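Structures incoming, each one as structure tokens.
One chain, chain A, appears in both complexes that follow, with chain B as partner in the first and chain C in the second.
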Partner chain A sequence: MALTLSVDTARSSLSATAEQISVVSRNIARVGDPDATRKTGRLVSGPGAGVSVAGIDRSYNPLLLNSYLNSNSNYQSQTAITTALDQIQSTVDETDLERSPAALIAKLNSALQSYSATPQNPAVAATVVSAAKDLATALNSASATVTNVRRQADSDIAASVDNINNLLSQFKDLNNQVVKGASQGGDITDVLDSRDAVLKQLSSEVGIRTVTRDNGDMAIYTDSGVTLFDKSPRQVAFQQTQDLSGGATGGAVYADGVPIAGTDHVMAISSGKLAGLVQVRDEIAPSYQSQLDEIARGLIETFAETDQSATPTLPPAAGLFTYAGGPGVPPSGSVMAGLAGSITVNKNADPTQGGNAELVRDGGISNPGNPAYTYNTTGAASYTDRIQALMSNIDAERTFDSSTQLPPSGSISSYAKGSVSWLEALRQSASSEADYRKTVADRATSALSQVTGVNLDEEMTNLLDLERTFQASSRLINTVDSMLSTLLQAVG
Partner chain B sequence: MITTSFISTTSLSDETRRSIARIQASLVDAQKELSTGRHADVGVTLGASTGITVSMRQDLNHIQSIQDTNNIVLTRMQASQSALQTIADKAGVFLSALVGAQSTSSMPDTIAQEAQAGMQTLQEQLNSSLDGQFLFSGINSDVKPMDDFFSGTPSASRQSVTGAFTAKFGMSPDDPAVASISASDMQDFLDNEFSDLFSDANWANNWSAASDKAVTNRISRTEVAATSTTANDTAFRKLTQAYAMVSGLGFTNLNAATQQAVVQKATTLVGEATGGLTKVQSFLGVTQQRVTDTNDQIDAQIDFLTKSIGNLESVDPTTVTTQISTLTTQLEAAYSLTNRLNNLSLMDYLTPSS
Partner chain C sequence: MGLYGVMTTSVSGMSVQSDRMGTVADNIANVDTTGYKTASTEFATLVAEGRVLEYVPGSVSTIARRGVSEQGDMTYTKSPTDLAVSGNGFFMVQSSAGTPYLTRAGSFVPNSEGELVNAAGFKLLGYSLLGGDLSSIINSPAGLEVVGSANLGMKAVPSTTGAFQVNLPAGAAVTATADLPGANAATSEYAGKTSLVTYDNLGNEVVLDIYSAKTAANTWQVAVYDHSKASASGGFPYTGGALTTSTLTFDGTTGQLASTSPSSLSVTVPNGAALTLNLTNTTQLAGDYTPQKATANGNAPAAVDRLEISKGGIVTAIYADGSRVDAYKIPLANVASPDNLTAISGNVFATSKSSGDLQLGTANTGSLGQVVSGALEKSTVDLASELTEMVEAQRSYTANSKVFQTGAQLLDVLVNLVR
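Right, the complex of A and B next:
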């Protein structure tokens, strides 16, 4: 009978509408969740038996999600680099503060110039020594800063690896639920959302690519193609290095037994925080460290004392600047790792350590007891030849290690200046690259959110529609009911 | 239920939040630039060119210190010049007394006194010091170059003169018997034994503690110049010799002919010394001029470098001010937009269904 059929249809509509309203309320509840996608009830019309909600769909766009994952990885790697560069930049600081090694070398030169005008004045000699101490201290602390940056990067790598392992095990649970839910035909939209959220977090740590299979199962590979997850999570392993001072190399990161970062390897990852941190630890910071080491070596060489005997037999000895391996002068033209950390002002010339600052004028700082290194043989108070020679040495051409990414020949002050240029050029390009990648990542975020996210107004209008449908269906039942009762009265 | 012009609620609010953050960050930078007059982050703005400003600052530092030391050096040279002038003036007075003694029979006492005064002036001036540095000691600037010739306990120089005289004539210069010394004997003594007292070795042993090596200074970035003159210069030696022969050889007691021989020898020496003094003065004068010129050049270089550093590191305050006002306007617009978007909700327009 048609009337009872109408009531059945209206009843199915009521239950379908109720279900849809529950979907709307789920959407509204998660309006502020950036990982939530918009859910819609899929309505099907049965053959003569009204409507029903066959399943819940979610607005999902794999292309936009992938572009989000890529741009996020790229942005995170660049952020790690700019953060580290900003820390390293503290060793140079603003140019007008004149605290960079380059500026302090110029100050030492000025102090020598003043001393050459009043060589009989021990107080002025002490200012030369104190300018030299400033320079040595600046190099020590710059070297410590660089080591700190590397140590920080190393422990950040460890934290990142832990996070990756953690996310992969979360991913495993969610992926299992998806596969199970898909085979049983249940509502898996929320689980899918959570799984995507884990992917987003994972993309911050390491660049990834995903492959989805028919049953909803997903496999994750690094951007270099190493398996991170396929049915089960693969172990990502990393051993932290305790002492990274003076050019020591850090450990490599392995995924599934394959090195993905920290060594030269074809499978090396190219994006994600992990890639950025490894680049800081293994390339940027060590390059800067070796430049600092070369500045230190150049200084020791510049101020070295030679045998002044008529027939020189003794090797040059470290003068005003010395180091842990003194008094021999480090071999010319090649980096001595960690030298910037151990360079000091020779205590024989340091009045605060019982030394004699006037040895700067007279020579013999390396060994005051050995007359061979004394330049001022007559002990004249206004002897300036040694001071003049030191100033000429500062301007003199010398050879630096060619592996430090700076011109291998030039004066010590131009080399130190070159190091500032190198660092700031790197910062400039890193900072504009980071700006660019941030814009791209922002775009990708909003593109993804625009397409897959929830709009409150839209949900409200949907709610109005559903309300009307509900009212209409109720009215229909009511109408059929009154028609039937009219019929029954007529019969009665 | 999906529409083409769809936008999610989170992306709507995210968008305004992001743009506000971006504008605020630029505003902080612009305000810093306005207050310091320099780029907010000079390193990032200049990149590789940062090295240029660092190097210009190095240069600036260097030439400023050269200018400072040049001023010290100049003061020292001026003091030396005035000492030299005093010596030259006194030598002039002595010379005219000597010339007078040759033509007229002036009092030998006067000439002897003149010689003593001249010797004292010479030694006093050669011993002049500045800031604890003896001007005429060369690099031995902590040592007084001259011992007092007339001091109570006879100095080494006085002893050497007396000794040579006694060895030659068998009597002390104070002995009245010196009147018997003939002019030719005196001439011989002055030319040989006495003159030998002022040889390089004897001068260094008995007279002067100065070093032959003059003080040198870097007066420009590349130029190192001798900026002092030492008491060992021949001009001073000849002048000392002339003074000593008149004041240390019992001049007043000599016979007239011998006196004339001494006067003539002294006249020659003072004449030569005066010429030498002029040379020393003009040598210092040339260096003084070079230092002054260098300082003028450095002034110009400082101007240039300061300006160039400014060009690289400074921002144009007008541009920054405009930038700030633009950013402020943008920020206000963004705020009011956020406010409106928040107020704009469909909920406010929905009436509860009856």
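Right, the complex of A and C next:
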């Protein structure tokens, strides 16, 4: 039996080597695939005297994968925030064009100064009104931009939720294949790679935590512990809000019936694109919106006209700046949602709409027919008291809503400047935080790919080894063959 | 008389050498037959018993031997139902007529009825384990059944045991009694929720929602609801109320479950069995609500996907969902003198008077050896020794024929004396 046994052993070595070479070729073919792990054939001796490939293993490191998933989720949430802030920043504050509310308030102030030097010149009065119009338009467009960013975030949340549901249903198929394959001892390494790839995509959308169970079965929870997948995917639901202008609140994201982000969240997620988008929609953009609203309210208040009668009976009325709810002045010291969107220059003072720009000097813009609000009672062309008063109003200390993340008292111009620097500071810190998280995510990616990825040099070396083994085994068969033929010749 | 004796003796010599050539031919023909055992020839003298003064040549007779007890080499195959015995045992198989035989040829494949049949058409026999484990094995083929997947239908397993291990956030706010999950009110609040897939008696998926809420320092309420009864929003209130509620207490120092606290959660799955969720290792530590392990056994209805055979000869049915059920135990047989078994066509052996009676036992016990799945026992024929044996036989045959030839020539001489 010895000779035939030798041939058998050599044959088993040939077939095992061939199988290993097919594993190497799989590795080489997928060298550029970031989701592919390195596969190795597991050699065992026997059954009998030979050797066989008992299974295919893959290089796998759950800790590194987890750190990749976490850092990716963190990076994605920060990227969503930075993108939104860049968008707000680029349209609201183009410093070169001086389109920020703060710069335009300064312009209005200097127009008023020129006007106070030449109060009799109606052309200068028109520049004051035009500067005021620029300011109102800037606030309107800034408010529209913020609303737009929120609406965009809301639709991105909907897209992200759709993507999550889609990924979870893909995950179900792959997980079933893994469980089935693992219990049968088949080669499931490629399915595991695909499943990990789905996890990686999922981690971009929402922070996740995974738990592995018998037969490679995996359960997915959000970073806050809500079940996303356990044998079957859980429903992630979100209702898009059509109108997000002003202070309207958006809908919450539900996973497995638990609100995980947005209004009245219970087990709030802390990372992933979804978390970043919800933060933009519900915190950052509304904060900036309320600051714009406060600037608008401050302007209306600054330019408001009071009853000039000997015994004032009428309430203050909106002057140069008015809004949809005019001519009454909005209540002081608290945000009126959506004000920045509706602030306009009173048409009574706007020459292009048939108004009289000189009313800035004389007062009575709120109601030219009512003499109670007229400051320049004598109609003198050199009357500057009202203009001076307006200029000092701009610098006057006033109270702002304390919920806007800016100092609650200060002048309207300092508040507007504060808003600009708040946004810039937020954008800068968000951007540097995003850079930091990107670095961490990149490190995690390279650490993962170094440990689990395919290394071409290593594969080529393996290939050489295998080639030698194959040659040696073939030589053995050759030798046994020639021995047997010697014997046959002896018989013949 | 003597010369005739020489001729008959040499004829018997040639006859036994051709017998020997017969075994060599048989062996070489079966060099690749799975489970084949080498046949060999032994020779015995036949002498004329008489006085020594006159030598009477006797003759020689053949005794054919078969090395049944010799272990063949294992060869590796890709099929898990290819079986080999590493040891002294034999598989019990049955012919199409129903007669039990012993064999070492284990290249079994499922036939159209799911029965395991080897290359020669013999069906593998085993004891069914579906009615519970065997108490003992008797030394007779009685009670053996054909191993197959035909009587393994679809099955569903209702959930009975599971584990629910989470970390409950120690810093969570205390929930008012009216707003506890157990109150099942629209205003119910909770610190964490995990949903768990379980199976009812018919294998339907039943999702259980498990809510945890802090009721006081180191005290938590856990409430379990049937997810299908949830309100339209997917949360409270559930119709029909909680399936169970339980109060857990924790040791304030270690954060582990207090010794007085229940360490498991019993809940009856709707339309299913009583499920016991093990709560050991549930902790109350700082940090988020973190599910460590939330799982329950049971499976949806599934059909048999394939059979797997362990070293101990246990045939396990693997269902499509990955669950496993031990279906058969393959016994191994042996006899007192295996080399005296009668060889029957198809690589099978039958017991004979000289072999002794059938003894059945479990694989991995005694000298029976173990069942190796995914391997076949090769023929024990060694080509090199067969070829040398052939050369020997040829030379011996030639020598005998020379003796005959010489005897004939001597007779010729004798006959010529007469002329």
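Simple rule for what comes next: the second predicted complex is superposed on the first by the 479 of 492 C-alpha atoms of A that agree within 3 Å, B and C clash if a C-alpha of one lies under 4 Å from a C-alpha of the other, contacts with A are read in each partner's own complex, and residues count from 1 in each chain.
Operating definition for what follows: a residue touches a chain if its C-beta (ideal position, glycine included) is under 8 Å from a C-beta of that chain, and two chains touch if they have at least 3 such contacts.
Bear in mind that the values here come from a model prediction, so they are computed numbers and not experimental data.
A.B. asks: Can A:S332 be said to touch chain B (first), chain C (second), both, or neither?
C.D. replies: Neither partner.
A.B. asks: Just to be sure I read the superposition right, which of the two partners does A:T352 touch: chain B = first, chain C = second, or both, or neither?
C.D. replies: neither
A.B. asks: Under the stated touch criterion, name the partner, chain B or chain C, that contacts more residues in chain A.
C.D. replies: Per-residue touch count on chain A favours B.
A.B. asks: Does chain B (first) or chain C (second) touch A:T227, or do both, or does neither?
C.D. replies: In the superposed model, A:T227 contacts chain C only, not chain B.
A.B. asks: Go through the superposed model and pick first if A:V266 touches only chain B, second if only chain C, both, or neither.
C.D. replies: It touches chain C, and chain B stays clear.
A.B. asks: Counting only touches as set out at the top, which of chain B and chain C does A:S413 meet: first, second, both, neither?
C.D. replies: So A:S413 only meets chain B here.
A.B. asks: Considering only touches as defined above, state whether A:N478 meets chain B (first), chain C (second), both or neither.
C.D. replies: Neither partner.
A.B. asks: When the two structures are overlaid on chain A, which partner does A:L3 contact: first (chain B), second (chain C), both, or neither?
C.D. replies: Touch partner of A:L3: chain C, not chain B.
A.B. asks: Tell me the contact category for A:S25 with respect to chain B and chain C: first, second, both or neither.
C.D. replies: neither
A.B. asks: Could you pull out which residues of chain A sit against chain B in one structure and against chain C in the other?
C.D. replies: Overlap of chain B and chain C footprints on chain A: empty.
A.B. asks: Chain A touches which residues of chain C in the complex?
C.D. replies: 31, 72-76, 84, 86, 166, 189-197, 205, 207, 209, 227, 230, 233-235, 288-295, 305-306, 308, 318, 320-324, 372, 374-375, 378, 380-384, 387-388, 390-391, 394
A.B. asks: Give every residue of chain A touching chain B within the complex, in rising order.
C.D. replies: The contact residues of chain A facing chain B are 31-34, 38, 40, 59, 89, 92, 94-96, 98, 100, 102-103, 105-107, 109-111, 113-114, 116-121, 378, 380-385, 388, 391, 413-414, 417-418, 420-425, 427-429, 431, 442, 445-446, 449-458, 460-462, 464, 467, 471.
A.B. asks: For the complex, give me every residue of chain B touching chain A.
C.D. replies: It is residues 1-3, 6-12, 14-15, 18, 38, 42-55, 57-59, 61-62, 64-66, 68-69, 72-73, 131-133, 137-143, 211, 213, 215-218, 224, 313, 345-347, 350, 353 of chain B that touch chain A.
A.B. asks: Going by the contact rule set out above, which residues of chain A touch chain C in the complex?
C.D. replies: Listed in rising order, the residues of chain A that touch chain C are 1-5, 8, 12, 46-50, 52, 179-180, 182-184, 209, 211, 213-215, 219, 221, 223-227, 230-232, 234-235, 237, 254, 256-258, 266-267, 483-484, 487-488, 490-491.
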